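Scrolling down, you'll hit the structures one after another.
Here chain A shows up in two complexes: once beside chain B, once beside chain C.
Here is the complex of A and B:
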């Protein structure tokens, strides 16, 4: 083995240790028997996982987060897929401007979007409600669907759709039988990113939190600021497990490699 | 009428929107939306204040978890129809909310228990709120490493400057820092609101032996890991650690007087009138004593009888200093700017 290979191997190993060790520490702390977060742990226990299910705001906000992530993802697909299909093939200068506009939430600080949306949606009468939260989450999830679907669709030759139509397929049939199967990896990637973006979002959800609309990250922050036990570590471990399961399922269904190439 | 696909989709979308919106800005007449910090705070609010309120009025209290900046923004965005009826606020935001004329006046007619709260606490909220709970910022130390802790801020500065102790102090990114650390230390060293040179000179002397915490949990980690021997922290949080089984930690209220870090309660204008009944429960001496026992913090009703355990822990109101929050608000940005230039953390 050459020296450069050894150095590269060491660098890669150090990189992974640097990235993964803090996560590992959080996972280990979630199994501590102590009443506070400290490492190394004095003993092993599952009580902090039990605590998650005892503390009702964790469960209530988990449901809100899941519902919100599903609604925002579906809404992003409903709005984003047709927009992406049009914008990907359009040669108009407006198309570039509209694409940039739709992707702009990616480049804006989330806290600004959250604060501004609170006042804007309140002025429109939506106030602090699940609908307002769903609208803002859709705004921040939309760019992921547009980005991934546009990238995939641009890589597909128009000849496939033209061939279907020449052979007599209607526009709807062409979309259903040709376009949709071809862009499916882009939709899957967009859905995955949208769901995780919505589920993990704190700065936007923070401004729309109420007894009925608090999401899990908002409740975790509120809990962590005034409680010192390791239940947040346990909750983080569960979230991590959920994300890993989601990625494994996505990999089995579509292949992570295909999805990431699409983006 | 013939039901075609467009009608069906339209009806579905309308139903979905109604279902999603489900939560009106203000809930039903008999429901009160109150606020609480998370964790043990939320449970204490439910047990000590919401439960007696519900028992006396027959109304229902819903508890929104979060923080004062979030709640104030929600009220500012909906002043005619606030989504929250009772706010828990930091002292500085309570002043901002009062100055913005967003809150109702507190009077003994509406709140009989207000008569037993020191008038200075209501005055500090410009009459549009009052304090119901307080902690003290002081010196928390690791007994395993510090056998002779400093008795006050002056000894703290001396010990840290000489390298006798490594101290963990709050960074400027933590909201209460300008008051419970900067003002308190400056005041102890002879400074004033308009002259914070003593504080910055002390920080310059201590700089080689300081680590900074960005959030309360960081502080505990600094002490637990041995990265620091002692630091500036809160009494209640220290006692909470002790009650959770941490036997190596202790707290000292500095002899010069630690800064009283208070929690205010306010009622937004146009909020439900039921809020007065709820706030009156928050100011009730029996409810406050129960609340204090859970949280390990002092409460403000003069008739409160603390439990034996708490009586030994809670500094009396006369042993802590009430910071001039309104004056500090005037110069706060200058302090933060100077901190950023001279200290940077």
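Here is the complex of A and C:
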């Protein structure tokens, strides 16, 4: 091996130590038997995972976050899939402009979206409610669904649909029997990104805090301001495990390459 | 084109309506409404006074500069750190490429809270890093203060954003024909020169899109800076403070609008780069 190659690999190794170390220490801390979040660890225990279920605000906000992520993802699919079907098949400059617009929530500062939406939705009478939060989460999740479905659909030859139509299938049958199965990996990827984005969102949810609308990240942030115990680590580890499981399942079902063509 | 097919085409474009209407009402209108708040006087008239005040105030000019410089620093560090990793991923990794991609994606699945918690555990006064430096390696006599330093806040921001830079660069590098580099080598260029004069210029677009992407996200981030400190005064932090304590909403609207203008400028730059790539 050449010296430059050795240096490249060394740098890459250091890079991944930097990337993974902060995450790894949290995973380790979540299994500590101590009452504090520090090393060295005196022993192993699952008590901090148990503590999650004893602290009611965690559980309440977990439900809020789950419901919110599901609602925002379903809404994003309902709004986004039709738009993606149209955009993937048109090449005009006009369609490119619309795609840019539909993806633009990804590029705007989250804090501004959250702050502006709070005032706007309050003026409309939605106030700080689950519905208001679901609307704003849909705004930030919608681009993911549009992006992944557009990318997957664009890679599929129109010949399949044309063949179905020529063989006498109606538009609806063609969509249900041909198009939908073909774009399923895109939908799955879009739903995955959308769900994780919503579930994880702090900068937007922060502005909509109330007993009924506090999401898990908001409650965790508030908890962290007063206490520095390993229950936050346990909760984070659990969350990461779920995300990894979701990713692995999606990979097994559709293949990670197919799903990431969009990114 | 017959009238019928024209009608069919327009009927197809109805597919766009739900998403367009939704974003027009719940994305554009709130941002517009928020910006308007910065142009309206208390009596309801139109004013530019807030911008005049804001953009002539030394403190606020400093805040804008600090926002831009911090984001630019994070973008620069991310791109420089990302390039060798992207290069290894695309050109050298072979059977390890799957593992590298996994290690790159895994941090993206972790919450901002988890990462921040990790930084605090590592860099607390009695944290792991100080233990290593003082007790295990004996490099220092006394523990260092890491938390609430600008360096750690920047490192934490890079940690969140650098995977995006790696992915941007890797996707462009993947499309670069290796034979171009080999051709340069055959014509007698050194490996370094072949990289510097052939491969690097061909991947400039990836570097550009990666840097803009990182800059754009860094520009709007505040959670990391709130939790890890560092003494920065940036626009998102000030908006956060206005919302929490001072509650001067027209001022927050003014700052939001300036932040939006920067974001839109980045988006425009990004589009120009992407168009040049012909994607």
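Just so it is clear, the second predicted complex is superposed on the first by the 244 of 263 C-alpha atoms of A that agree within 3 Å, B and C clash if a C-alpha of one lies under 4 Å from a C-alpha of the other, contacts with A are read in each partner's own complex, and residues count from 1 in each chain.
Throughout what follows, a contact is a pair of C-beta atoms (placed from the backbone, for glycine too) under 8 Å apart; a residue touches a chain by one contact, two chains touch by 3 or more.
Here the structure is a predicted model, which means the values were calculated and not measured.
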{"item": "Room on chain A for both chain B and chain C (clash or fit)", "value": "clash"}
{"item": "First, second, both or neither for A:229, with chain B first and chain C second", "value": "first"}
{"item": "Which of chain B and chain C A:37 touches, first, second, both or neither", "value": "both"}
{"item": "Chain B versus chain C as contact partner of A:129, first or second or both or neither", "value": "first"}
{"item": "Touching partner for A:71 - first (chain B), second (chain C), both, neither", "value": "first"}
{"item": "Chain B versus chain C as contact partner of A:113, first or second or both or neither", "value": "second"}
{"item": "First, second, both or neither for A:83, with chain B first and chain C second", "value": "second"}
{"item": "Residue contacts with chain A in the superposition, chain B compared against chain C", "value": "C"}
{"item": "Colliding stretch - chain B into chain C, listed as 183-191, 201-209 or 219-227", "value": "219-227"}
{"item": "Residues of chain A at both interfaces, chain B in one complex, chain C in the other", "value": "37-38, 115, 119, 123, 207, 221, 224, 228"}
{"item": "Chain B contact footprint on chain A (complex, rising order)", "value": "34-38, 57, 71, 115, 118-119, 122-123, 126-131, 134, 206-207, 209-214, 218-219, 221-229"}
{"item": "Residues of chain A touching chain C in the complex", "value": "2, 4-5, 8-9, 11-12, 15-16, 18-26, 29, 37-39, 78-80, 82-83, 85-87, 98, 100-102, 104-105, 107-113, 115-117, 119-121, 123, 135-136, 138-139, 142, 146, 196, 200, 202-203, 207, 217, 220-221, 224, 228, 232-233, 236-237, 239-240, 243-244, 247, 256, 263"}
{"item": "Interface residues, chain B side, partner chain A - complex", "value": "17, 20-25, 33, 37-42, 62-67, 70, 73-74, 76-78, 81, 83-84, 215-217, 220-221, 224-225, 237, 240-241, 244-246"}
{"item": "Contact set on chain C toward chain A in their complex", "value": "12-13, 15-16, 18-20, 22-23, 26-27, 29-31, 33-34, 37, 81, 84-85, 87-88, 92, 100-101, 103-107, 109-122, 124, 126-128, 131, 155, 159, 162-163, 167, 191-192, 216, 219-223, 227, 236, 239-240, 243, 249, 252, 256, 259-260, 263, 266-267, 270-271"}
